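Structures follow.
Each of the next two complexes has chain A plus one other chain: chain B in the first, chain C in the second.
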Partner chain A sequence: MTQPTHSSSTGSSNTHAAVSARVPLWRDVVVLKWVTQVALLAVVLGTMWFLASQAGDNLRARNINTDFDFIERPVDIQLGEGIDTHPDTGGRALWTGMVNTLRLSIAGIAVATVLGVIVGLARLSDNWLVSRLASTWVEVLRNVPLLVQMIFYFSVLTTLPRVGLDTGPINGWLHISNKGISMPRVFIADGFYQWLVVVLIGAVAARFVHRRRTRIHDETGANTSPMLWAIGTVALFGLVGLFVHPAFSWLGGVFGAVAELLDSLPVIVPQVVLAAAAIGLAARWILRFLAAHRSARGHLALTDDDWFRVIFTAAASLAIVFLVVRWTGLSSWILNSGRDLFHVIEAKFDVDGAARPFDAMRPDIVQKGKFPNYGVNGLTLSLGFAAVFFGVVFYTSAFIGENVRGGILAVPKGQTEAALAVGLTRGQVIRRVVLPQAFRIILPPTGNQYLNLTKNTSLAIAVGYSEIVQVGTTVFNQTGRTLPVVAIWMLFYLSCSLTISVIVNWFNVRMQLVER
Partner chain B sequence: MSELSSTTGNLEVPYTPPPVTPKLPPREWIRANLFSSPFNSTLTVVSGLVILGILRGLLSFLFNPIRQWDATATNLRLLMTQAYPEEQYIRVWVSTAVILILSGLSLAVWRAGSAVPLSKVGRNLVATGATMALLTLLAPFSASATVQWLIASAVVAAGGEGIRRFSAIRSGSVGSAGSVGSGGSSGDDGRTVTTLTLLGVALTGLVVSLWVVPYGHHSFILDRTPRVMAEPGTVAMTTKLPWTVMLVILVAAYFLGRSLRDRLPTNATRATLLVSWLLAPPVLLYLVLRDPSFDMGHVLGTDLPIFGAYAVGGAVLLSWLTRPTTGEVGRIVAALVLIVGFCLFLQPMRMIVRIDMLMLACFALAAPTFAGGQRARRRYVVGWLGVLGVSSWLITAINTPSTVDVPGDFFMGGLSLTLLVAIFTLVVSFPLGILLALARTSTMPIFRLLATWFIEFVRGVPLITILIFFSIMVPLFLPRGMHLSELAAVVVGYSLFSAAYLAENVRGGLQSITRGQHEAAEAVGMTTGQKTVFIVLPQALRAAIPPLVGQCIGVFKETSLLAIIGLFDVLYIARAVMPNQTEFMGSTRENVLFVSLIYWIFAYQMSKASQRIEKRTGLGER
Partner chain C sequence: MNDAASNPETSSPAAAAAASGQTRDLSGARDMIVCEDVSKWYGDFQALDKVSATIKEQEVVVVLGPSGSGKSTWIRCINRLEVHQEGRIVVDDVELTNDMRNIEKVRSEVGMVFQQFNLFPHLTIRDNVTLAPIWVRKKPRAEAEEQAMALLERVGIPEQADKYPGQLSGGQQQRVAIARALAMEPRIMLFDEPTSALDPEMIKEVLDVMKTLAHSGMTMMVVTHEMGFAKEVADRLIFMEDGQIVEQNTPDLFFSNPTEERTKLFLSQIL
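What follows is the complex of A and B.
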């Protein structure tokens, strides 16, 4: 006779009890399963506790501190570039590093996507030369380590000519030298946030226009191109906003009022809100879970794994409530940072009426001391930035190109043939049949590549671009706080990864084929 | 039943090869592929100009007189093995020879290589010659050098054309040069040659060129004032003689394997070779390259008795546990062994005793899965003896001081270190990754939670932060009196990292196993362990081969990150050591380019091999 497994005995709780009664304890699968799991959990926790206590002893013995106080303490660090090249505190230095990482990642993701799509399409081209060029690009770049590529680009860039007072391919517009690449930049000026409000209103209006045009299309069958209309609406609002945006300067007062409101709230309010949210979300999840596991006649069939999920969720929500209640610092921190945030936004609206939303500047070269150097006007890619940027963009473009190619090839041929058979033109076939289906296949692996790109920017430490790992290394070399800095790194990268996954997943869910 | 018959019905359908698109004559081919439309023509012209520009730039970079290629030529040994002592260099050659013998035998036993039509080889040679001529014209050569290179390319192209005509004549197909191409490629009427022969010819050519071509003689002369020697002439005897011997060994091993493969049972031979491949890295590293000086008194007095006790006791215990009639008393005994192992582990005593006890506990717990007849039991006991022997010997060897006298933490560097770290990381992370994947797909929620958290955490952070953490912090987490070199700590961290990624690949494979497989295994009365080991994992791993190979390539490429934390891998030497030698100041670009070529060759070959495996096992076609 085979042993009764738990899953087969869960038809109803009565039979389960009967079977359990017959089987001795050391042969009951459910008991064995849970004993094993608890034992393993004990071993894992015990090992971690053992290692942590060893680390504690060793750290005390060597007089190494693991406080986070360096965040507020003054440090003597000079960074190559960033929002603050002479940060006062360790925290400020790390923040500069984070901003640099984000700059690199966002710019890299944008350019790598465009380049990757071009490479992928070129590999599929009918033109023999173009497809060969693209496949060489892919095979060379993805088989050489990224770090090696970056170091090579960096060592090539360092041999560029020295910067002089009138150098560059286009003097006053584009300068390329061993100090980096400097070009004109467009940046957001004081009036930007007021203008942004106009654009947001435009986006809401565009949604209505889009719906309306779609409805007309559905009703009459006429080609109403709703997307074009929507984009046009936003563009119109943006254009008009350039002139009327000072009309929205009163919004600053609203944000200021919100900030005052947050300031006057007692700590108990966020505590109650957070606790209620935790319990509410957990309860909703549990109720839906139970509903999903109820048979048509209303019987609840839960395996022990399902019970674990329910209990775990409930326990986790209770733990969060406990944490929120006991740790009042968290709630007051949320209140304070919310107030500060709204004050910052208020300040953004506090401008005189004539401020422009955008401004532009041309690169300049200044001579401070002996050697000329770039001034602050232009958009300057330092050598380190350029090396890392080209490195991650080229490397990732090879992988994204492969994803694009695979995705397009994965669309069944029958789809194209069917679309051609009903009389669509080639362009329509690609735009309306192939690309929407290919996009669904391309998106998940490309999201992974975005994650990889963000993580790969950490290699910038090898060429001295001050992103978070490089700054962190400097900080812990100076303060000796290795463990806290490593913790900050990991937290930062985990939140970046989480953000990208959430965004990609959101797109992914929206793009999924709704079946049946 | 109906499914079965439909499957066999499918098998009876004769395989029809896809229709061969006829080869176009050159002019029509160019029109169809390059100038089919105005847009296409523009693309062709633009990309042609781009390609010419890139080639021109690359060539003038490579052949610029200010390039210091001497740096690479002089430092080749440094790049390969760093400062391995000259008088013990024979150890490196012996290790290389062992690897080559295994390669030769494996090539023969697995019947590697496929037939290539000779006409195709000829065509490729002609194309190579034409490309060489084009490159020569683009390169900034002097007139005489240009002429020499043009003659060389003409010779190559003429050789190719000769081979093509030869194959066309011998295969009896008549026709002019224009139509031969279409005839030769479509069928088996042309003469063929195996890829192994081609490889052999190429390798022989390379080795012969060491004796004939005056590559020049570059080395450091370590006198009172170290200086660089670079003189024209053939390569030094210390280079060309060993490589010739290596070639002979490789070829001999191949032919030995060929003559043996039909006389020996195939499966046993393959299993032996696989085990040899697994054992080769640790044995070569800890016995040959590191040359430990064993303290015989200690080995005979302590290590051997411990080994003997565990071998005998373990063998008796396991052969009893694997009896099908033992029942759950066996499980209880195995659990007791595990508890004893844990209690022992917390006691202060010899590490080897504690580790052996835990290993025995693992084997005891897994024993019921492998229960069966006489042969199965014997195999399991032999497996225990083998694992115990290798691990005891390894633990002894690792703790024995080395006689190889080198400066620095580790006795090897350069490409050897890169390869060693990659191999050890993969060997450690594979079982770990499989365990993690099984835990993540398990029905046991705590296992699943732990595995999921670990995998998602590791995949969310960059490798470099993990490497920095392990290289700096691991000594702090170890108990007093236990030491781990920086390299070992880094390999541990890297293995954990790579295990998380491997686990995701294996999970993909596990999810591709249909429910029916599980149910069928349960229906014939297999336990969960037997189902996993004998039914699910073999299929899942096979399905996961392509992503797993991709992960292996990734692990190999990312060993370059060792350079950031200051270990002497090949990139660190090229980037931080060689450009600081007084003779080769600022030679970073040349060195890094050379290193990227090395990485590229390895990674590209691995990805090609993966594609071949995919094709051979028919993955992706079912």
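What follows is the complex of A and C.
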């Protein structure tokens, strides 16, 4: 840059021609950049192809079967708990395991968050005892391996009294034994989906109520608690819905009609829609990208990386179009599953007019094999679930607590002082000034903890809770299809993690501070 | 401010006197801030040592002193951001004790401007100014926003209302901070080194706003190193060192005829 006679390595395309004219190809940064991009792509694709073909050859040579046929084949598996304790097929067994993992993860994330926030705030408390307790909680839980904790909870819980057939039938509300904790179960009955429609209408109404109460607050300054009113509206609709829900049984016909419509559509329709969506989205992205890089005078300044992105996007959208056109199976699959889905929904509405939305049952005790156990009538928190659940929740709460504490401490002291100085109360300072700023600092690392929690549920294999890894192990022991099962595990955990990441990132982007 | 409006015969000549840099007679005005033997320790270090002073209504007091002399600690005690351990502080007839209600009353009557601005970065300029009026004074939003715009007009940046603090220059941020404090309609304004974190060319715009404020009859207590401002606007200068008040006088006498050795040394170093 200091010597104008030398070609400067700015590398931007608009100067490309002028600069390249004086530089040999092997020293031209722009050419080098493009060559490396293409070469790297070729190496990556080549390596993947090589590894895949090698693995395939070796597996064939050793007669290891990598078929996924076990998904449809019958298996002889009995699961401790889940949506289906005697699954017909390997696929059904794995599905039950996935649902159990999701149950653990979702409930775990919710409870660990609440507990973590409490622990974090407690550690910051002025109260000596409270902050000491929270510190001890954090230090003990995060320094003992999670596996050890789970086994510890499990062994403690097994010391509870045994359950016997002479204990039941159970008329109480709560029954605790070494098989777990059982309590009455409220479950959704036939009328539930009609009732759900009433609640959805209530949610829309609540939105309006919320807006209206906010406006009244803005106009008069009175405290109108919009959130409370919105929740009240939903609750009111839910309550009324218990009585009027059969009025919505006609919706079943609507869903049936949609199913028929999907069934009658030719395959070309989803093909056109998908292709148009791919091209439309890519075109919109490219146009916006170009607009963002155009200066006020209309001069387009794109670096080589920018060009690479534009070309890559266009190529990707064309590849999708090609795939959609060639692979008609995808389009007919979409149509068929859409039709099936709407038929299923239709069936949910096709119920006896007097069907209740909810029902309840009390716990019972049955003896299927050697030992008596809780039956399906009650809501049972089994030992395995409890051990894994408390394990991941307590363990993760320690880390989330530290995130919360760090996030609050990271908000400058001046913010609190300024808020106090304009007269806000302690509570208002925390609610209006500290938390909104702390939240942006707390969120990203807490998202990581959610990922960890989900992945850590796989340790449940140690205490025999039938989540995806434990079920999968049984499945490949019976079928010998180790690699396919592992592939399903990986795909499943990957989808869970990516879903969590997308949700957390969405919040994260929305919360960013505006600067410059 | 209310008294200023109802007592035009005392306020206007006083304001005129302040504008011309002359000493004005405030002996008849009521006491706004009374400090009696205020002491404070940080561990073994004594930050304030029996500080006693009375600040009258509409008086503008500038506190000077080397760093670590306790000026900031003192001014921060006056709205209880720091807690004094001995002595009495009475602000507008309300004594600062452990009584929550007294503390809140004082804070809602005393505005404060900080060296680091301390604007709320997650709120727009307008929301920064309206936050306290809406949640503390329970004002309707429309009214609070109207007032906010008037205040932003007064400090000269109404066009920035929809931006965020991070998008403004230091001088602009400090003027917003002044508007935010004024939105609570305080009777007293405290300034804790308001220009120390600013680039030189931005200091003037903030000082100008402070001068206008002083001329409008606001009771002000200012910790600053801006001697020009002190000479021009102050009714009284207070010089502190090691947590004690060393000397206090009108600007003219303070600069021309300091009595204490320490004050002379300080002045010789900064002038």
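In this section, the second predicted complex is superposed on the first by the 467 of 516 C-alpha atoms of A that agree within 3 Å, B and C clash if a C-alpha of one lies under 4 Å from a C-alpha of the other, contacts with A are read in each partner's own complex, and residues count from 1 in each chain.
The rule we apply is simple: contacts are C-beta pairs under 8 Å (C-beta built on N, C-alpha and C of every residue); 3 or more make two chains touch, one makes a residue touch a chain.
Since the model is a prediction, treat every value here as computed from it, not as a measurement.
**Student:** More residues of chain A are touched by which partner: chain B or chain C?
**Tutor:** Partner touching more chain A residues in the overlay: B.
**Student:** Does chain B (first) or chain C (second) touch A:A315, or do both, or does neither?
**Tutor:** After superposing on A, A:A315 lies clear of both chain B and chain C.
**Student:** If we overlay the two complexes on their shared chain A, which of chain B and chain C does A:A462 touch? Say first, second, both or neither.
**Tutor:** first
**Student:** Under the stated touch criterion, which partner chain does A:I268 make contact with: chain B (first), chain C (second), both, or neither?
**Tutor:** In the superposition, A:I268 touches no partner, neither chain B nor chain C.
**Student:** Could you tell me if A:A301 is touching chain B, chain C, both of them or neither one (first, second, both, neither)?
**Tutor:** Neither: A:A301 stays clear of chain B and chain C.
**Student:** After the superposition on A, what does A:T425 contact: first (chain B), second (chain C), both or neither?
**Tutor:** Touch partner of A:T425: chain C, not chain B.
**Student:** Shared contact residues on chain A, chain B side and chain C side combined as an intersection?
**Tutor:** Of chain A, no residue contacts chain B in one complex and chain C in the other.
**Student:** Hey, which residues of chain A end up touching chain B in the complex?
**Tutor:** Answer in residue numbers: 2, 26-27, 33, 36-38, 40-41, 43-44, 51, 54-55, 58-59, 62, 64, 125-130, 133, 139-140, 143-149, 151-152, 155-156, 159, 303, 305, 308-309, 312, 455-456, 458-459, 461-462, 469, 473, 482-483, 486, 489-490, 493-494, 497-498.
**Student:** Applying the document's contact rule, which stretches of chain A touch chain C when the two form their complex?
**Tutor:** For chain A paired with chain C, touching residues are 217-223, 412, 414-415, 417-425, 428, 432-433, 436-437, 440, 513-516.
**Student:** Name, in rising order, each residue of chain B that touches chain A in their complex.
**Tutor:** Residues 33-34, 36, 40, 43-44, 47-48, 50-51, 328, 332, 342, 443-447, 449-450, 457, 459-465, 468-469, 472-473, 475-479, 525, 553, 557-558, 560-561, 563-564, 571, 575, 588-589, 592-593, 595-596, 599-600, 603-604, 607 of chain B touch chain A in their complex.
**Student:** Using the touch rule from the top, collect the residues of chain C that touch chain A in their complex.
**Tutor:** Answer in residue numbers: 79, 81, 104, 107-108, 110-112, 114, 116, 118-122, 131-132, 134-144, 163-164, 166-167, 177, 180-181, 183-184.
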